[in-house]
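Down below are the structures I want you to see.
There are two complexes below, and they share subunit A, which is joined by subunit B in the first and by subunit C in the second.
And then the complex of A and B:
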């Protein structure tokens, strides 16, 4: 082998261990799942013993009202948490983007919820929502407003609130970073041009933050579709199917209903949904790159 | 068009005072240039006028109305920033019309105004481009256009040309001078470049370390700097400073230093009549030195020429007079030999004299007369 061949191969040799790990840890289970989703598969069987069932699992799911219900809950959950988190996170960032005394402490406090393990978050909120000893109902009753059936009638709203509490900080820090990297002088120019605080936000700050916000939003959306632990700990999907998001239903289908094939097919549906979101995000990034490349080409062409 | 007045304007960042009680008056439609080395507080002054920095003490008056409590948008001024500060997501037309759109002016009026200014600045072909798609010079024009579209009574410029390359800077400087003739507004222009200051200004304000050193017409400041700093700051190549002692020998008084001894004539003696110290600092403009092999030793310097920098019609000689460096500016066709000791004469009335202990100028007698006259007629001379 010549030196140049070795040189050319070097990067791939260095990459090889990572590729092997990826293949085992990521691709193998994925292929296993896709493979399994075409079988009528019971946990007592090995995958080899399971009978091939074609698209039966997928078709059954397509017509299964419980799956529809779960999908709708998931969509409701994901879109409400992400839109509310975006609203609150960006709002907070706009509010706290100034240099006041103690601001850095305040910012650190805001980020804390994100650092707590989801299971712990679930437990904390479950106790706070407790019908009789929970802090919310105790407070409401002590000021004479009567109690709310948090994890019963309003279960979906309650898990949404918990998720907002945990994940708003994620959007907050990204939005704050975006804000602080905005060109200062452009904002000053806007002030001189006569823009009020609101007008600066609407006409200058938000449009300039938009690329970061869009990617943040998509990332959060992908994450929200996969949420499991917090809801599992808080409601276990109940009451009824009211908070049974897809991840939870997949896990229950596999363990309680003992239908591994159906669970795998459901997981694949979710995967397709997430892939679509990811593709949108990548396409958006690509679009930005193309735009930049076009500008560069234009500038080169004119020799300016 | 307003009169702008700074009264004891002071700025502190935390506990550090960077502007020390600035007093300044800018009259109607005047082009005022604040000039000084980097960090002397020019931008801070301008930004306080604009309302982008708070005022620590003192007051800013526009037409005798205090304005330091007003928001920038309520001060009726436009500003051009050093880095242009264009809105990256808006095209040129929208950048220029932003202020008018905020004022909810009629669409037709806005379009007409943008087209007029774009025409004037040669921006018409680029109206639909984003700032990122423009060259540095074009961006600079857009920044200028954005200020012009607003039609406010006062224009502020913070080193608008300093991000351009030398050639473009010269070109834009000329365009600014042209624009200045067409637009009769108050303009306050900040720069560290004394050539920009000299060429553009009706009135130059020289700043140093948060103090105003001197203000007046460019010619006035060039001819009669009040101290060593102003003398050294204005003019290229800069003024030469030579250290000397005042010595009496027989009937004559000499200014003697390392490698020269100048005999004082009657006006110079008069000029020094009230000066009691024995040491003095002599300032000579490089262009005031004339190559003259036959000059009298009492009115000339003997210089060893180290380097000749050819810049076209003129050359700058870098010489030594004893141990002190001296620059001479003369016509390039003057026959000069490098490394030789040559004689350069000067007129004694061209000399600038400074007190080395406080660096203040010792004025010529005519200037003292002129000052009295100017003060009586209300002109500006600090």
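And then the complex of A and C:
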């Protein structure tokens, strides 16, 4: 090979490993799964050996009350988690938005819960929720209130609380970053015009933060559908099906019930749901870009 | 809340009280686990809560019994093989991090310098991959790694492997370290490429051209000029990749066999047993949590940059 051919091939050589790995371990499996969802597929079979079943898996799921239950639990979990986290996270960001010397230390401490393994988070909370040795019930009992059946009767709520603990900092940090990059002039003008603290928040800060907040909210929503390990360790989906979110049900269908076809169909349902969310987010981003470009063009036209 | 200096002065104590409460809430549970990992099960169950107890490292010794060089008095038989799992976890996390960085770096460089695809394509891919839950990936990976990505014992490669390593002959990706590593690399690549791109864009082109004038080839330019300049980006990408590979449970549990179990798998297995040994399991949890905690303490800025990169445009 001559020197120039090597040079011409360089970009391809540089890209090749990444393309190959992602094609083998990401793209191919996903295509494989879509194929598999139309088959009665057993883990011991290759996909070629599995019998073609048409839409049977999808239809069976559509009529499966357990799947409905799991879907409802997932939606309940995702939406309550995200709305509560947004509320608390943004609220805290508004409260703590001032120049503070130790802010970087605080941020470091706040992201700790997100960094440690979900399995460990589940472990910590399972201990704290423990009916007799857990810290919550011990405290409640020592001050004379009765104990609460955290992971029994109120399992979904307990799981939601744990997720709020882990992920509110994410929204807090993003909201704070958005807040601190707001144009000072707008806030200054509002203050001079005599806007009260609440008025500033409602009419100036929140609308200006909105683009970041919406993207944050969607990102968090996508992630909320992926939560699995924390719940697996805390409740294993129980009691009954009360905390069996879709991701957990997929993995159980695949590994315990050994029905890969059904699991694949379920995974496709979940993917379609997530795809819709992602498309909404991308569309929103694009829209925002167009809006910005238009404003910039306007400013240029007026010759400012 | 924001009215005048008078109001502010009155609010100050409340403000700091809120801060302290928040810090306690976010760090408290972790500290609680740390404290409990130094307690004997008797102390945990009897509920002598608080920090007044005689710390012991017995839990850590029990957890790591299979790799400790000395015999333990309190243990007749080493049932938990956490030590081996730690070594597995380390191998898998380190190898996948290094490989992801190398592959990702090369791809990011090609994308930026040779103008293949725009940043939009890469960030779109990143987002799409972020969208795919591990549980969704589990189904096909489980099937593929067990059935299709195998080397049959009748082929020459299979024979070589059987003769050198022993075993049943046909080798599948499932149950090997490399099977798990492959998935982790694929999962992390888009994000790594995406974040490295933003760093490579900032490397001045003239610098590379100057090196090329001096007779350096593309590879030399890349390794000697570009790589040293994007170290911060590499650090951020490395932390993220390592964290995901180190913490991941689901795919590892589907793809590992008896000898390639990682720590999260053992923790989950031990949690589902009827009689949970809280002290030991918290010690293991702590050992699993320590590397990410150390990264956070030393590189929180890079982590926050990486974390927020999806929402705030970069």
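The rule is simple: the second predicted complex is superposed on the first by the 269 of 304 C-alpha atoms of A that agree within 3 Å, B and C clash if a C-alpha of one lies under 4 Å from a C-alpha of the other, contacts with A are read in each partner's own complex, and residues count from 1 in each chain.
Please note the rule applied: a residue touches a chain if its C-beta (ideal position, glycine included) is under 8 Å from a C-beta of that chain, and two chains touch if they have at least 3 such contacts.
All of these numbers come straight from a predicted model, not from anything done at the bench.
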Subunit B versus subunit C as contact partner of A:295, first or second or both or neither: first
Which superposed partner A:264 touches (first subunit B, second subunit C, both, neither): second
Subunit A: partner with more touched residues, subunit B or subunit C: C
Partner chain(s) touched by A:194 [first = subunit B, second = subunit C, both, neither]: first
Partner chain in contact with A:138 - subunit B first, subunit C second, else both or neither: second
Partner chain in contact with A:207 - subunit B first, subunit C second, else both or neither: first
Contacts of A:236 with subunit B and subunit C, given as first, second, both or neither: second
Contacts of A:165 with subunit B and subunit C, given as first, second, both or neither: second
Subunit A positions touched by subunit B in one structure and by subunit C in the second: 196
Residues of subunit B touching subunit A in the complex: 50-52, 71-73, 77-79, 81-89, 98-99, 102-103, 130, 132-135, 138, 146, 150
Touch list for subunit A against partner subunit C, complex: 7, 10-12, 14-15, 17-19, 21-22, 24-26, 28-30, 32-33, 36, 41, 43-47, 92, 95-96, 104, 106-120, 122-128, 132-133, 135, 138, 165, 169-170, 173-174, 177-178, 196-198, 200, 212, 215-216, 219, 222, 225-226, 228-229, 232-233, 236, 246-248, 250-251, 254-255, 260, 263-264, 267, 270-271, 274-275, 277-278, 281-282
Of all residues in subunit C, those that touch subunit A in their complex: 1-3, 15, 18-19, 22-23, 25-27, 29-30, 32-33, 36, 44-45, 47, 49, 102-104, 106-107, 109-111, 113-114, 116, 124, 127-144, 146-148, 182-183, 185-187, 189-190, 193, 218-219, 222, 243, 246-247, 249-250, 253-254, 264, 267-268, 271-272, 278, 281-282, 285, 288-289, 292-293, 295-297, 300-301, 303-304, 307-308, 310-312
Residue numbers on subunit A that touch subunit B, as the complex places them: 183, 185-186, 188-196, 199, 203-204, 207-208, 295, 298-299, 302, 304
